[in-house]
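These are the structures, in structure tokens.
Consider the two complexes below, in which chain A is the common component and chain B and chain C are the respective partners.
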Partner chain A sequence: MGNKLIKWLDERLAITTLWRVLMAEYYLPKNINWLWSSGVLTILVFVILVVSGIFVLMYYKPDAKLAFDSVNKTIMMDVSFGWVFRHVHAVGASIMFLVLFIHMGRGIYYGSYKAPREILWVTGFILFVLMSATAFTGYLLPWGQMSYWAAQTITTLFSKIPVIGPDLVIWIRGNYIVEDATLTRFFALHVTLLPALIVVFTVIHLYALRIVGSNNEDGIPMTKEEKKEKGIPFWPVFISKEFFVMSVFLFFFFYLVFFNYKFAMDPINFEPANYLQTPPHIYPEWYFLSFYEVLRGFFFSETLGLIGFVLSMVIPLFLPWLDTSPYPFISAKHRPLFRIAFWVFVADFVALTILGKLPPTGLFAWLGFIASLVYFGFFLALPIISKIEKKQAASGGVR
Partner chain B sequence: MKELKILLVIVVIVGITYWGIEPLAHSIMHKHIEEAIEKYNLPDYKFSDLGPAPAISGDAAQGKKNFQMFCASCHGLKADGIPAPMDPKTAAASFGVVPPDLSNVASFTAENFLYHFIKDPARASEFKKISMPAMGLDDKQIMDIIAYLKSTAKKIHGAELFKEACGRCHGAKYQKIYADTPADALKKYLGKVPPDLSIIMKAKGEHYLVAFINKPQALLPGTSMPRVGLNEEATEDLMKYLDEISDPHKEQRKKVGLIVLAYMLVMIGLTYAWKKKIWRNIH
Partner chain C sequence: MAEEKVSRRDFLLYAMGGWAAVGLGGVLYAMYKTWEPLPEVKAAGIVRFDLSQVQPGQLKVVQWRGKPVFVLRRTPDMGSCENRTVANEYTVVVGICTHLGCIPNWEVDKKIFKCPCHGGEFDACGVNIFGPPPKPLEIPPFKLEGTTIVLGETGPEYEKMMKG
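Then we have the complex of A and B:
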């Protein structure tokens, strides 16, 4: 019966060939570690977000008067297991960024953004921007105090853009302040356009991956034939490890969902939005804190801060062209200089994230300024490191 | 081994970040709260800034007479068949807030607070514009009234306690409890509409709430919420209630959570076994 069905389908859809090409005869290098599971983990989290999102969408009301209660009463209290879906969705959004940061960090450490994987890097970057936009629009929806004031603060930034700024803000908000019109348009973007674009770019991302293949720990370029000989097939070898990584990840994920969700659901957001009462501390969700801190880091000049903020978000896009050193200088494993720069960068990113939540006064303001400079310092050091490494490569290469 | 090392590095980085944006950031952002709590040694159920009540034993029968003379023009006492003198609307229009029924007030309010409140409401409540006047009663008269209030007071819990202690100003609309006083009257009297308390426990947490209710001025200087003088037992009872209504699925969450985690543990075992089997011939 099963065989018959497969045969029937195969004659019409060539599914066995498809399976071979996509799964059983797609080879990965052997010298990769579980960080190469991070890509599939992002897909897993995305699926979790979509499924939980559809469930909360069934009861959510995109109206400034109803939104808060529809989330905090209807979904959290009345619908059976509604709270599970809300917790899963909120924690999922947060964990998506943790997984994305690991995924990007892996890409940077092992030089996966370098030729020939530039398109992978660029589409990945676009996915990050889309995911950020989805998270930002989604955070407004429960219409709590921090939802409101984070949206108010961030949209205000656009007003600093010369000439068109003030009109642009009103266009984005649909009013002079964040209110019902803002909520409904953020809602529309959050549930339709942005997730659809994420799907489209994920497909392009994966297509590009199929063409150039996965990088590996040592950054050794491999042809398809070499991989076939020395590598492992995606199915069942790679996937068996992937499932194990997924299980461990889900254990951690559900621990957060049920027992430790406060980091993803800020207490102050359980107070309804009140446009007359500014909270004493306004901060975005943790995954934007580093960029937010660059904005505040240039505390002596609003314009510089804004430029820094935009640059800090955009500059990772240009990694493949800032860092051009050739093989063997691909993976940080074999690039002592780059390795130092990488770890300084990671430490700096953590520092920026923490400082982003602290009040920007006194010592913290200066630390923020220095950390912002170090952030850009990493990217500016790359051309210099490349130059040194190119010389080494020309003189025989050091391994 | 290498895989575990990578995991360890990531756990350390994530751990440091988490420590920075949660415990560290909160301790810095909420410093003024902790300082106030320490300075006034909150919660202070003795209301030590007010001092003790005089050591006079009151007479409930005389107290009832005093009550009818001095208090019944504003307050009802249903437990003893004294109805509210005005309907809520008229009362709210006259005083800005509906004066509470005093049937059980002595069971949830500290005795020395009650004494000082009746003597000088503005001082005891730390709300200068409070609309109950000081009536210039002497200590004996007040202690008689307190003896009377005690004779009628029953212990009340949960929603009932909430309604009698806070209900003139606050509602909990998710429990279909609405403030006795109309919102616009409250706004005029207090400068703002007091927040709904349905999920206040999630927003503020017990540590803050206990201290805030005990001495609002310490944590929100200049606030128009009066100190209401809840005693320890009533505060704890109220906290339990606010916790239950803000998080009604706590038990379910723990139970489902454990089941899901147990399931994931099994999955970890199964997937690990499968991986071992497949990878046996690789390397």
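Then we have the complex of A and C:
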């Protein structure tokens, strides 16, 4: 019966060929580590977000008068298990960025953005931007004080664009301040367009991966034939390891959901939005703090801060063209100079994240400025490192 | 050049492409327009207020674009400020503290605006005189029509004030 159905489908959809190409005969190298499971984890978290999102959507009301109570009363108190889905959705959004940072950090450390994987890096970058937009629009929906003022502050940034700025910000908000029109359009983007685009770019990302294949710890270029000979198939070998990582991850995830969800629920956001009163301190969620700190880092000039803020988010897109050194200078494992730069960059990113939450005064203001410069310093150092490594490669390499 | 005439197929291609571009432009324009503020929002963006209804020494609060606007008819003992005075005797300022956006209170006996959040003080002209506020209270764009002030439109008096 089962075989007959598969045969029937196969004649019409060629499903066995599809399965072979995508899963059973898609090979990965053996010299990879647990960090290579972060990609599938992002998909897992995305699925968790979609499923929990659908359930909170069933009771959520996108109206400035109703939104706050629909979340904090209806979903949290009245709907059976409504609180589970709300906490899963909030924690899921936070953890998505943790997994994304690990995934991107892996890509940077092992040089997975370098030729021929530029499209993988670019689509991945677009996915990061889309995910940020989804998180930002979603954060407004509970209509609490922090939701409201985060949206107010970030949309105000658009008003600083020369000439069109003041009109643009009114157009984005649909009002002179963040109001009902802003809430409903953010809601529409959050539940339809942005997730749809994420799905589309995930498909392109995975398609590109099937063409160029996974990188490996040593950055050794491998043809498909070499991988078939020396590697492991995605299904069932890689995925069985992935299932193990997934189960460990889910323990951690649901531990957070049930016992430590407060990091994803700011207390200020349990006060309804009030457009006549700004909370004393406005700060974004932890995953945007580093970029926010670059904005504040140039404390002596608003214009420089804004330019820095935009650049800090755009510059990672150009990694494949800033760092052009050839094999064997792919993985940081075999690039001493790059390895130092990478760890300085990671430490700097963490420092920016911590500084983003501290008041921007005195010493912290200067530290923020220095950390912002170091952030850009990493990207600007790459062409220099590439030049040195190219010379080494020409004179016989380091190995 | 004359030899390279546009073939029938090219012509159809250009015509179809052009027509499709017109259609696409129309669609994008319509989408753009849907995000504009609704007529009711735009109407509330321009507020008219008759200044003569404010008694000397009295403060009235007008709501404009989701913000409180303080209209104060100053008496001579409140001091003067040539560059921040509307129609000779009024202070018209956005009632949002320039420090962190709280709403200051008008203290009649001291004749100052005092912010309850961090203790910032502004004189009757809206100029910061004490505490953390970095600059005076903002003056909203306005136009004068006789004794009526139109908030949200810029008139010559406002432009002169901004230049001075």
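Following the convention adopted for this analysis, the second predicted complex is superposed on the first by the 399 of 399 C-alpha atoms of A that agree within 3 Å, B and C clash if a C-alpha of one lies under 4 Å from a C-alpha of the other, contacts with A are read in each partner's own complex, and residues count from 1 in each chain.
Everything that follows uses one rule, which is that contacts are C-beta pairs under 8 Å (C-beta built on N, C-alpha and C of every residue); 3 or more make two chains touch, one makes a residue touch a chain.
Nothing here was measured: the structure is a model prediction, and the numbers come from that model.
Chemist: In the overlay, answer first, second, both or neither for which of chain B and chain C A:63 touches.
Modeler: Neither chain B nor chain C is touched by A:63.
Chemist: When the two structures are laid over each other on chain A, which of chain B and chain C touches more residues of chain A?
Modeler: So, of the two partners, B touches more residues of chain A.
Chemist: A:170 in the overlay: touching chain B, chain C, both, or neither? Say first, second, both or neither.
Modeler: In the superposed model, A:170 contacts chain C only, not chain B.
Chemist: For A:270, using the defined touch cut-off, is the partner it touches chain B, chain C, both, or neither? Pick first, second, both or neither.
Modeler: first
Chemist: So, A:118: does it touch chain B (first), chain C (second), both, or neither?
Modeler: A:118 contacts neither chain B nor chain C.
Chemist: Taking the superposition on A as described, I'd like to know which of chain B and chain C A:278 touches: first, second, both or neither.
Modeler: Touch partner of A:278: chain C, not chain B.
Chemist: Applying the touch criterion given at the start, work out whether A:181 contacts chain B, chain C, both or neither, answering first, second, both or neither.
Modeler: Only chain C is touched by A:181; chain B is not.
Chemist: Taking the superposition on A as described, I'd like to know which of chain B and chain C A:102 touches: first, second, both or neither.
Modeler: Once the two structures are laid over each other on A, A:102 reaches chain B alone.
Chemist: Go through chain A and flag every residue that touches chain B in one model and chain C in the other.
Modeler: In chain A, positions 280 sit in both the chain B and chain C interfaces.
Chemist: In the complex of these two chains, what residues of chain A are touching chain C?
Modeler: Spelled out, the residues of chain A in touch with chain C are 170-177, 179, 181, 185, 275-278, 280.
Chemist: Using the touch rule from the top, collect the residues of chain A that touch chain B in their complex.
Modeler: Listed in rising order, the residues are 30, 33-35, 69, 72-73, 76-77, 81, 83-84, 98, 102, 232, 236-237, 240-241, 243-244, 246-248, 250-251, 254-255, 257-259, 262-263, 267-268, 270-272, 280-281, 286, 289, 346, 350, 353-354, 357-359.
Chemist: With touch defined as at the start, can you tell me which chain C residues reach chain A in the complex?
Modeler: 32, 35-38, 41, 45, 65-68, 100-103, 117
Chemist: Quick check on the complex: what are the chain B residues that touch chain A?
Modeler: Result: residues 2-3, 6-7, 10, 13-14, 16-18, 20-22, 24-25, 28-29, 174, 195-196, 198-200, 202-205, 246, 248-249, 253-254, 256-257, 260-261, 264-265, 267-268, 270-272, 274-275, 277-279, 282 of chain B touch chain A.
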